[in-house]
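Order of writing sets the chain letters: A, B and C. Residues in each chain are counted from 1.
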């Protein structure tokens, strides 16, 4: 039977994400965050229920995530769920794990280019302006990766019939984040109190400080200015502002029926337009998402083994600004089993990564993905915009870059064995058709 | 009466500076420098008197400045005061708060392009070279912002009839600073001992270490090499070197009558020439300063409300190399009152910022500038070369980028109220004519 | 007699490296890594013996190296010594102190462009592929500086008749290193256990943690995956893999007689070809080394005094990607004596730097290299790709950039003395012919 495997050295940090079995990480607190002797595939530790969905955070203080300077959260949004507008101080990649919906981003300094020239139905008629206009919104679907630059407010809406699930990676280590390395979400609406308290508790656990009994705040988002100030800013009555500030039900995902917005006809083929570079390196008109699940988008493909789709800054130029990239892999046979080896040759991980689990591979640690008995899929996130993993075996690998005699000498094997080690795997780094057969012609284009 | 206000989310760190009321910040020492629950407008904590002026430092260990990785000092220089040559390991922006004078910078590798072809009056005649030559010097005046790249020695001279006051921002967090985050000034002349000891004491307070009783040093600046070595380097007698190293009166600002240097005729219109990029990203011939106080330079203007002038790397390209920018605002009516809200919706600041006070707005914290009853001016410094604040209200704001129905749903208000919130302020982000009137046509060009 | 000297302010961190006298650094542990009151020229603290050479590390936890975020090691490789393949998570510069040999690098994604079209002698003939092919290898010799981007596996071989000695600088502070600031070498072959344990012990000393009694590992390099996994990846029998993983003698430098590899004819003139930029900013075809010892390559030369050769990104463009540079100096008369002065005017170092010793000059500290009685050579490494030191005396110096009257006023000397200080040294920043003579015409081109 065909077996698939992948042996690599990570040039950047790899966050392997796969897809539910409880295992908690209990690293000792090292002074030194990357002295990793053991990795665990980890799962979310907190869950915040909202009206129309829930938010789960992986522990941002686990050693592996601190070493990677990354925070990860997952949101599950029911049909008609609106994820209230928020932004963060760090670059984000959002992977649509399942489902579909709509995302709106408000890019600073960009015009509201979605305009409705049809008169809207409304009573009263006392407004001179009858038509709504807003910034660009976009549809997303399973397999999409959405790029969210730091500081860009955004919202999501589920107008489909099934829940959608997103996994969001916040790169706290990027120089764009000028705050410390605690994840922070700044909500512009809603009641994020529970989420914020839970995140704070995780941080205090790490610091060993005692959580002071916190009083309940009436207003807990970034719009909590004095009503009179806001009334002036928005030029509306203070009553309206008090309504704005009223904290409804707990949470940041609310249920709204049939939300309407201006939208182009659905079957639009988005082009990778490069607008002129904006002030913050953020464009008004540019590609903000790309699909990595469609089989025809694969960069490496072997009909017997599987496929890998890279998403780097050549496909999505904005990634260069973010300093992040992603990859999705599918192995037709086998659950994904990973082994990771540190600089001391110690196996810091050797296990299956189950659906919904997260594994962090620190920079330069050697890792290997291996087929189990069922089909496997994973998504990797890199804190680099164009990661080149160095394969150890196969075409273009480390082993094939070293002279045969050096291989023989370095590993104290015969010249003939060196030749086997070097050339027996004539497939690309990802695929081999079988463990015992002789080299095969490559099946890829 | 017209009221002016500004509601924003800061994309970068903002150091709002305004301009004497003692308030000290006594943050508890958090392990975590950006867990900010309370901001204070802060004032300098140390003052070093020199012969012809004085230097004041804000506490570089206050939590807000450590979170921002910024140090701030103010110098007041009397007429005929010479600020002795120094440089730092971090990028600096110098704002001329009042007065005028002359600044000289010595850019490494650049020629002495200010040359005197007139024979100088001097006795003796034993020198083959009778003419002085030196690097470019420039006049500055109130409202100028001067850019000082890391490592560039510079000096200031007051040849006017009134004192000048400068406020200097050192961006310690920029990658160019390869030392730790303590501010350091390296003086090439003078006696900076008192200033250095005071800065050290502030650092030791933070670390809780006891200040060892320090002995008095005879020579305390960067030219304190062995006299015999320097005599060789400069090819002069050791006696001359001993004079060079003699520490005069304490301080770094001395009084010198009628200092003369080679200078172009005064009414020179400096152009924003872009020389060829130098080795360190520093040019020999380029624009190093720009005025932000002149009303005609305003980027946003409303005759009833006020004006804002941005200084970014499009106006002063060197700022792109420094990763900093600035802004000056004037509100015709009202002292500047600020409210700042953190990610938990807590109001961490809500007060007037008086003349000479400093307020730090951490990245992404929402803030609002608001008119009091008198005219107000402020200068903001950003640790970003092209900051885009996201306005929350008015034209181009967050609220106008979101579909009306999403606004209504997110804040649980009626469709009509959403429309008011979204469109009632039809002015740009800075100005509204009145809090209760209906939308007005924009008054700006 | 002609004396040579150099007085500068370092714009970047300078690691002065020179030629064997034991002096250990015992800085107190400051909370603050760059509060340097005393520098020492330091020597390696650990030595790991391998079969065909030895490796020495400077203490990566000494205050000066931590302030500089740099680690330094020296390798001495006997004839027929093979330095086993490894890579690191940080950018490296390797200086060939003496001897010559061959280096091979395996750049990820680059093809094996060294191919042998001659049939090789081998028994059996059961392989379809009879010819070896591997990535580019290059000869190096004394005075070369080799650039090793982070994550690029590389090996060295000594095919000459005498040992070669390399000094390697790892820039841990570069943003490319996403792990913590402990140096890590990832070996792909060999038994690096002793080296790793010694490095770990140094780190634990700093942290004050007790070294747990460590058990002996059977396999200690990055290829220590489960044999069955590797057998599949390489498509070879598990027996071969077990041989690969067998840990031979301790160490990372083994002896191999007459290693053969495909190589161009020796007297090749390598050009500074700039290939198209690769994904990681690393090229497949580009210049990876440059000599800085050849007299004819000097940038500053005075037949009486000495010479200086800079190596920056204009000569070796890859350095811009690494953010490092180097310089080699030769003083014909005199051992190199250095004095370094901190921001408080304290002389933190004033001594000879002997062969094999390392001196760190923190950013912006003023330093002076001065002739003793014998010839002197040194190599400086900078954590900047195009460092411009600001000379204090001579042509193009700080002193010559300041108006004469400002010099007189700043140092309280007469106008005539100021003129001497400013113009008496009319040579370039490096050379003066004598300490007491009058200005001479410049001897350089």
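FYI, a residue touches a chain if its C-beta (ideal position, glycine included) is under 8 Å from a C-beta of that chain, and two chains touch if they have at least 3 such contacts.
This one's a predicted model, so the numbers in the text were calculated from it and none came from an experiment.
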item	value
Degree value of the rotation bringing chain A onto chain B, based on Cα positions, nearest 5	120
Residue-number overlap at the chain B/chain C interface, same or different (half cut)	different
Chain B and chain C, separation of their C-alpha mean positions in angstrom	38
Touching two or more other chains - residues of chain A	175
Contacting residues of chain C [partner chain B, same complex]	3, 5-7, 9, 11-13, 31-35, 67-69, 173, 175, 312, 339, 341, 343-347, 350, 362-366, 368, 370, 383-384, 386-394, 396, 398-406, 409-413, 415-417, 419-421, 423-425, 432, 434-437, 439
Partner chain B, residues of chain A touching it in the complex	82, 84-85, 87-89, 104, 106-112, 114, 122, 124, 127-129, 132-135, 137, 150-151, 153, 155, 157, 175, 177-180, 182, 184-190, 192-193, 196, 203, 207, 209, 217, 219-226, 229-237, 240, 243-244, 246, 248, 254, 256, 259-262, 278-280, 282
